[in-house]
Amino acid sequence: MPPATHPEIVVQALDLSKQIDGRAVLQEVSLEVLAGRFVVVIGANGAGKSTLLKILATLMRPNSGELRLFGRPVRGDGSPLRARIGLISHQSMLYRELSACENLVFFGRLYGVRNPRERALELLEMVGLADRADDAVKTFSRGMTQRAAIARALVHEPDLLLADEPFAGLDVPSVDRLQVILARLQASGKTIILSHHDVDQSLRMGQQAIVLRQGRVVVDRCTRKLDSATVLREMVTA
Amino acid sequence: MSRVIRQIAILTLKDLRIEARGRQTLGLVAVLGVLIIAVLGLGLNRQVGGVDATAILWVAYLFAGVLSFEKTMAVEREDAALAGLLMAPVDRGVLYVAKLLSNLALMAALAAVITPVAILFFGFDLSAAPLGFAAVMAISMVGFAAVGTLFAAATASTRLQGGLLAMLVFPISLPLVIASTQLLVSMFRDGEPLGGLALGVLVAFDAVFLVVSWLVFECVLEP
Amino acid sequence: MPKPGNLATVAYWLVALAALGAAAAMLAFYTPTEQTMGPIQKIFYLHMPAAVNTLLCGAVVFVASLGFLWRRNLWWDDLASAAATVAVLLGLIVLATGMIWAHQAWGVWWTWSPRLTFTLILWLLYVVYVLVRPAIESRDRRALVCAVYGLVAFLDVPLVYLSARLIPQDIHPASIGLDGSMKLTLAVWFVPVTLIACGLVAARYRRNRRERIDEASRAGQGGAGMGG
């Protein structure tokens, strides 16, 4: 039932299927995400979370099924829609030899951002890396690298942020810092779809939870109506 | 159009800046090239005439070249930087041209180191047609890099069994080796001007594989 | 109980081998011996059709590679792989017969003549195709890399041919004229060689396809992967 105020449907997927090397990684995955929501995707290793996020990011094409982003079908290249999507994963997607600022200016220029240097410094300020702006990314800790990666993903002001296991390998203070940044982004109206292995944290962070098991959606509900035990059970039951 | 040129410039300069910072690739590749020439020189153990010098140069360029193509692509694979590029509104063909230009810059730097060394070791006399020599090698390098850039991207994500890229690129590049060698022989030994069927083969190779690689590049990129 | 498919296959191979027998008989009893070279010259009647079929196999690899890049359906990859394997086999026959010919005509087992050089490089191009396959673990990736290579390799063939012709000749092979009966023999020899080549490609294709489907069902996920 569409809500009375008709918020935009940012992601609409119908029966997405993907096989990789003969193995069915995603099977008939359908989901709908409204603007401004914080969606967590939960699942065991190999459940298909990464693949789903890559397909939503238009980096991978599904073998079958339909995907609509911002109301438009993703066909062929999907290029114009990418300007509204930002992606972070457990890999930083940054160039180690370059400084944080140089990385952001580089991506900013590619996206055609006006005043890329200003924007870079603004973003680094936001993620708390302003004092390390000119240091090479290879000198950063893992937590700092992830924060720089978020800055990179936001350089073009996307409306949808996709995050594939962004907390992997982070220590507790870094996880907290990252969560604060994400919460602030959501508060500013961005839609966030994030995959995570920690069930408790996920249910606390997100508003909507999608649980994947062996490539299928087994749960798609508001987090308020879910508890960890239920989710854990759904993740593993065959 | 200008946006495309701007993007190519941004991408290529990024590669060159990374290379300048790390200084890994060029050093490694240049030293490898010099070592290959030294081995061949010592192994041949005789006065090497002009004709043999081109073979020696080619062996050095092929091996060192393949190594540099692998490394410029590895930069993108590290930390999945390529995914970041693919998310940006950049045409995949633009990514190809930029990577090709980066590879050509590396090859040119490599040639600048290796060629004088070869001339020094073997006394190869270029005075008859120095520009012709440079032109032949340049045209050959473009063809080699065109194919090398494509296959380096194709094999970048595979669990690399050593020599995979070399295996793919060497046989395809043999027409370049043959044609350039024959052309240099005719230029230096016979005093012929730059031209003929050999030059036609080189130019045709470049034209065909620049276009095909550019078109197919999109298919081989993996997030 | 033999399936109709198997019966057709057996019949096909009987015809192919009968044609080979007939062609060999023709060679022994009908075709005149060439004056300058003697009986060894008759190896040419195998060499030429084998060479043409090697190129045809390369063309099949090219088309199948294009098909895969366009459709991403793995049976194109099965076909390309089959054709490449047969190209390697035929190419070896062309090389061997070419070398025997060279030894008879010029006294050396190898020379960088345009024909031998072209044959060697052509063979190497497809040897690489076959050897590269097991080096790539991911099935999807393997198909993709090989498709790109199959495409590029065939486009390279005319360039290889032209560049081989640039190599200067120390030994000038006299071109041997063929009279009417020789031309007929050559034409006849195309039949069994082409039949065998096609049969081998088809057999290899079916084997590739079966192996792929078996592997997929063993992985327990069902289906034939990306189609088949």
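By written order: A, B and C. Residues from 1 in each chain.
Methods note: a residue touches a chain if its C-beta (ideal position, glycine included) is under 8 Å from a C-beta of that chain, and two chains touch if they have at least 3 such contacts.
On a predicted model such as this, the values are computed, not experimentally measured, just so you know.
Engineer: Taking chains as nodes and touches as edges, what kind of graph is this: line, ring, star, complete or other?
Structural biologist: Its topology is that of a complete graph.
Engineer: Using the stated contact rule, I'd like to know whether A-B or A-C comes out ahead in C-beta pair count.
Structural biologist: More contacting C-beta pairs are found at A-B.
Engineer: Per-chain Cα mean versus the mean over all protein Cα atoms: which chain has them closest together?
Structural biologist: The most central chain, going by mean C-alpha position, is B.
Engineer: Where the centres are mean C-alpha positions, what is the separation of subunit B from subunit C, in Å?
Structural biologist: 31
Engineer: Suppose each chain is reduced to the average of its Cα coordinates; what separation in Å results between subunit A and subunit B?
Structural biologist: 38
Engineer: Which integer distance in Å separates the CA centroid of subunit A from that of subunit C?
Structural biologist: Computed from C-alpha means, the inter-chain centre distance equals 50 Å.
Engineer: Considering subunit C alone, which of its residues make contact with at least two other chains?
Structural biologist: In subunit C, 138 touch at least two other chains.
Engineer: Going by the contact rule at the top, pick out the subunit B residues touching subunit C in the complex.
Structural biologist: Those in contact with subunit C are residues 147, 150-151, 154-155, 157-159, 161, 164, 167-168, 171-172, 174-175, 178-179, 182, 197-198, 200-201, 204-205, 208-209, 212-213, 216, 219-220, 222.
Engineer: Under the stated contact criterion, what part of subunit C meets subunit B in this complex?
Structural biologist: Result: residues 69, 117, 121, 124-125, 128, 131-132, 135-138, 141, 144-145, 148-149, 151-153, 155-156, 159-160, 162-168 of subunit C touch subunit B.
Engineer: If we count contacts the way the header does, which residues on subunit C are in touch with subunit A in the complex?
Structural biologist: Per the touch definition, subunit C meets subunit A at residues 138-140, 212, 215-216, 219, 221-226.
Engineer: Considering only the defined contacts, which subunit B positions touch subunit A in the complex?
Structural biologist: 3, 6-7, 10-11, 14, 17-18, 21-22, 75, 78-81, 83-90, 223
Engineer: Which of the residues in subunit A end up touching subunit B in this complex?
Structural biologist: 54, 57, 59-60, 79-80, 82-83, 85-87, 89, 91-98, 102, 106-107, 109-112, 136, 152, 156
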